[in-house]
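Supplied in C-alpha cells, the structure appears directly below.
A, B, C, D, E, F, G, H, I and J are the chain letters, set down in written order, and residue numbers restart from 1 in every chain.
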C-alpha cells in the first residue's frame, strides 16, 4: 500500500530524471505552483481528476493517483524549523505576529485569517538592487462567534 | 529610563483614549501600517524623525521618541504561539514551509528570502462569499555563498 | 489602564461576595453560560452592549465594559494542562483526535471543524448510576481550498 | 505476532480496496462510529464478539480479532498536535478549558468529567450558511474524595 | 481577596510559630493527614465545616475558611520534579508504570485506577535494618466504556 | 545477542498463546507479581535461579535466562506519560508530591523514601460501590547526610 | 517570615562586607566546605546547633538559624545548566554516565550510588602544568530489592 | 564500514561470552577502568596501540582497532537521564552545582574545572554500615581570559 | 536514488580508506576547507563542476556529483548540541550573543550579520603556551528595512 | 546590594545620556570592545583596577566596581535565541558545527577549542558590494586526556 511519502519520492525521482520543474508539473495539470507542489509533498489533496492527470503525465503507477487524492495528515517535525529558508518564515511570524493580529482585527473585527480557506502564490520579482521574492497569501476572514 | 514596552503601553492608552487606529497613526507619519504598528509594539525601530513626529502627534513625552528609534531586541515568548490569529500563520509555515523552499529555490537558486531586507502589507479584500485578508511579503533573495 | 485579567479578578470578587453563579450572570445579559464565562475569564470579547449590561449588573466601574468588549489575545500557559478537570479534555483530544479527523472528513470532505465559527454548551445530565456531564460543540465545516 | 498497528493497516487496506466507510463498518457490528473507529485505530478495545464479527466482515485473519480485543496502550506523539483538524480541538481545550472547569464544578461540585466512563458522537448538521459539525461528549461526573 | 497560596503561607507561619505538626492539625479536625495536608497546600478543598474548624483552631481570619473550601486549580511547575523526595515518586511511576497497568488490567479489566475517587495514607514503619515508609493508595477502578 | 526487549516479546507471545496471567507466572517462580512483571518488562533483574526457572516454565531459550538476570538500564520515553492508566499515577505525584514530602519528613526527618530499596504490591479490593485498586509501596527511609 | 533565599542573600551580604570565605565560614562551625556552602545556598539543612553557631558568628538575626535548619525543597531552574562551570559537570554526567553505571554495577551489583547518604569534597591540587581541581564523591551503595 | 556502536556491541558480546570484566579488559591494555570502559562505549578514543592490543586480546576484527581509535562524537539522548544510577549523578549536579562553582572559584579564581583535560576513577569502599562508592574527578583549572 | 547522507558515507569511506584529509580534498577542487567539508557533510551545495571534479578524484559514482550539487535542507537534531567540541561554540553564542549584537549594531546600524552571504575559515595557530584555534567568520551586513 | 544587572542598567543609562559608544568605553580602560561590552552586560568579570577605572569614568557609585569585578554566573534564557542578530550565530553553529569539529580535530587532534581561554573581536569591513562584518575567535586547543 503506497503512502503519501512513497509517492513524493516517486515524483522527486521522475522530476530529477526528466529535469522537470514544479512550474511545469503544475502547468501540466492547470493548477497553481504552490498548491501542486504542496500536494506532491503530501500536504494537500489533489482533486481526483488532477491526480489522474498528473500520474499519467509523470508516468507513475495508477495507485499513485489514489494516494495523491487522499486527505493528508499534516505533520511537521519540529516546533522551530532549522533550514534557514523555512526558519526565516517562522521568524517573520515571531516578529510580526502581534502586528498582523492588530491590523487584521482593526480592519475586519474580532477574528482571524483562515489557513483552510486559503491560497498562496510565490513569485520572483527582478530588481536592480537584487531580485526579490514576493509571497502573497489570501485567507478568508473568519469572525469569532458570540452566542 | 523608559523601555520599549513602557512606550507600547503609552501608545495603547493614547490610542484607546482618542479612538485612533493603527492606520491613522501610520498615515500621520507617512509610513506603512505594518511597519509603524510593529515599531509601536517594540519589534522595529522608527527612523528618528518619524519617531519625533509620532511622539508629537500622540502627545507622548519626548523620551518616547528616543526609545522608539532605538534598535529593538526581538523576542517572543513561546515556540508555538497560542492566539488563534497568530497560530494560523505558524501553521501556514508548518504546512507550506517545504513548498516555499522548493519554489523559492527553483525560481532563484540556492538561497532564501530575507526576513531583514523585507517588507509586508496586509489588506482586507471584500468578497461576496465572505471578505478575505491578503498578506503580501516581499523579501530580497539572498544566495548562499560558495568559497 | 485596566487589563482583561484585572476585570476577571473584579468579577470573581463580586461573584463570591454576592454568591452569584455563572449561570445567573449569563442569564442576566441573555447570552449562553459558556460564552459569558469565557468572556469573563478573558478568552472572548462581549458585544459592547452586553458588556455594558454586565458591568451595570455587577456594579463594576465603567471602564470594565470597554475592557470586556476588547478583542482578547488568547494565551494558555502550558502545552499539557495539569488540572485534572482540564487534563481530561486534553486526553480526549489525544485519544480521539485521529478518530474525529477520520469521521469529520468522511462525513464532510477534506476539511476541519472551525474553532472560530464555533459554539459550545455544557450540561449536567442526572443519571441513576451517577450524574453525567454532556458537552456539545458545534463548529462550521471549513473545506480546504484547492487552487 | 500482530500488533494493533498492523491490524490498523489491514483495516485501512480493506477499507480502501472495498470503498467502505467507517459508518458502514460500525453499523456492521452494531456499535457507534466513534468507538469503532477509535478501536480500529488502536485506541480502544472491541468486545471480543464484536472483534470476531468485524474480522469476519472485513475478511481479516482470525488473529486480528484477538488483537482488536486486547487492551490498548494509548499513546500520541506530540504534546501539541500539528494536523489542523486535530489542532483545532486542542485549541478549544486551551481557550475553553478554564471555562469548562468553572461550569462543570458550578453544576456538579468539586470534580471532573470522566474520560474513561465516556462516550462521544460526531455528526454533520446541514446548514444553509455552511454545514456544521456537532460533537457531543458524555462523561460521568466524578467527585473528588475527602477522607 | 485571599488566594489559596496566601492561606498556605498563613498556615505555615502558624504551624512554625506554634510548633504544630500536620498530624495534629489533621487530628484536630478529624480527617486524614494526607488529605488535610494537601488541602492546606492548596491541592484539595476542605468541606466547609472542616475549613471553619481548622480556621478557628489555628486562629486564622474567617476568610481563610472560605478559601480552604474553594475548589482548587491543581497546578505543578515542572514536568519532571527536582526535589529528590518527590523525584523518587516520579521515578517509581517511570519504572513501574507499565507494570501497574498490566496488573491493574489483568485483575480488573480494561480500565484505570481513579485519581479522583482516591485516597492515600503514608506511614513510618520501624524496622531494625532501617525504618521504612509505607504509602497506601486506594482508587476506584473505572472501566472504559464501549458504545 | 538477545536484548531485554526481545525477551519481553517472547514472554508476551508465550503468555498469550498459553493464556497465562502475570499472577501465575509470578507464582510459578515464587516471587511477587509486581517484581516479576517488571522484570519481564525489562525494568528489573531476576535473580539468576529465578530467571532459569521462569525460562524453563515458559519454554524460552536458555539465553533468555541470562538476559532476564542482567542489570537493566531503566528508560522511559516521555516525561509526561500518555496512557490514561499510567498518567493517573503521574498526576497523583503532581498533586500529592509536596504533601508526601511534608509528611515523610515530619515523620522521619530530613530525607526521602528510597525507590531502590523498595517494594510494591497492587491488589483488587471488591467494594459494593465499585471495586477499588489498592497500591502499597514500601521504601526504606534514607536520611540526608551532614558532613 | 524569612525564606531560605532571604537568608542566602543575608549571608552573601555579610560575606562580601567582611571579606569572608566559604572555607572560613565552614571552619567556624566545624563542618565541611561543600556541606556548609550548600546549606547556605539553601540546598541542605544545617543541624540546629550549627545553624545557631553560624548565625551568631555572622551576626544574622536569630530567625535565620531556624530557616537554615529547615528541610529544604531542592529545586533548579533548567534541565541543562548554562553557566560553564556547572555545565562541565553536567557534560561529565552525559559523557561518563553509562560508564559509571557499568563500573558501579560491576563492582557492587545491581544498584546505585546514593545521592542522599552522600558526601563530597573539592580541592585545589597545585600542578606545574597548571593547577587541577579534584572532586571526591562518596555515596552509599544501594542495591535494588527483589521481592 | 563499522561504527563505534557496532564495536561496542562486539565488545559486549565477547565480554558476556567470556565472562570478562571491564577491570580485566582495562588491565589487559594497561589503562584505567573508567577511560577504557568509556572508550569501549564509544565516548572516548583509545590510543591506536592500545586499540590494537584490545582488539587482539578480545579477538575482534582488525577494523575494530581503527574504529576504537577514531575521535568520537559524544551524544546522549535526553537532557534528563532516566536510569536511576545515572539520574543520581545528574541530581548531584543539580543540587551541588552552585556550591561547586562557589568553591572552585573561591579556591582558584574566575574559571572552571575542565571536562577535557580530565580524568576520573570509581572505587568500591567497604564499610560496615554498608559499602560506599567513591568517585574521584580531576580536571585542570582553566581561568577565563580577559583581553 | 542516492541521498546527501549516502554520499557523505561514501566520502567518509574513501577518506578513511585512502587516508585523505579534508584539506587535501578541498585543495583538490580549489575551494576552501570549511565550505568543501560542509558540502561533503550535506550542509552546502557544491557548484556542479566542482562536484564533478570531487566525484572523479574520489572515485565516487557519477550520481554522487548530482547529489553534491543539489540544494540541501539544513537540519540539526537537538536545540542544544552535546558533543563538547560543538557545545563550546553554542556556549560562545549564549555568552557573547548580546555583546555581538551591541557591537554589530553600534558599528553598522540596525541590522544583522548574514549567515547566508557568509564565509568562514578555521586555522591552527601554534603558540608556545599551547596551540590555539582561530575561527574567522565574514558575513554581509544586512540592514533592517523601514517602509 | 547591587546586582550585575543593576550595574548593567546604570551603564546603559549613562551611555545613552552621554551618547557614549562601547568602543569609547572600552578604549577608556584600555581593553577590547568585546570583552568590556560583555563585562558591562554581566557576562564577564573586569579586573578590579579596570572596574575602578570604568566606574570613575562613567561616574557610577563605587560599589559598582566591586560588582563589575565579581565572578559572573553566565545565564541565558532560551535554548534557541529569537533576536535575528543572535539567531544567525546560533544557525551558524547548527549548520557548521560538525564541519568545525572535523577541521579542528583534523588540524590539532582529538580535542576542542576552549571557550574559556578564549578571545574574540568583531569588526566592520567596508566593501563596495555591501559592508561585511568580520568576527574572529581565538581559543586554546585542549586535547582530551587518556589515562
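Going forward, a residue touches a chain if its C-beta (ideal position, glycine included) is under 8 Å from a C-beta of that chain, and two chains touch if they have at least 3 such contacts.
These numbers come from a predicted model, not from an experiment.
With rounding to the nearest 5, the Cα superposition of chain D on chain I corresponds to a rotation angle of 145 degrees. Looking for a copy of the D-E interface in B-I, B-J or C-F, one arrives at B-I, which has over half of the same contact pairs by residue number. Chain H and chain I have Cα centroids lying 30 Å from one another.
Here the CA centre of chain B is 30 Å from the CA centre of chain C.
Measuring from the averaged C-alpha position of chain A to that of chain E gives a distance of 51 Å. If each chain is reduced to the centroid of its CA atoms, chain C and chain D end up 23 Å from each other. Contact with two or more other chains is made by residues 34, 73-74, 76, 79-80, 82-84, 91, 94-95, 98, 101, 105, 111-112, 114-118 of chain J. Contact residues on chain J toward chain H in their complex (touch as defined above): 31-32, 34-35, 44-47, 50, 71, 73, 98, 101, 105, 109-112, 114, 116-119, 142-147. Taken together, the chain B residues at the contact with chain D in this complex read 80, 82, 84, 87, 91, 94-95. Chain E contributes residues 9, 12-13, 16, 80, 82-84 to its touches with chain G in the complex. If you check the complex, the residues on chain B that touch chain J are 1, 66, 73-76, 79, 115-116.
Chain A makes touch with chain B in their complex at residues 21-23, 33-34, 37-38, 41, 43, 74, 76, 79-81, 83-86, 88-108, 111-115, 117-118, 120, 122-125, 127, 129-141.
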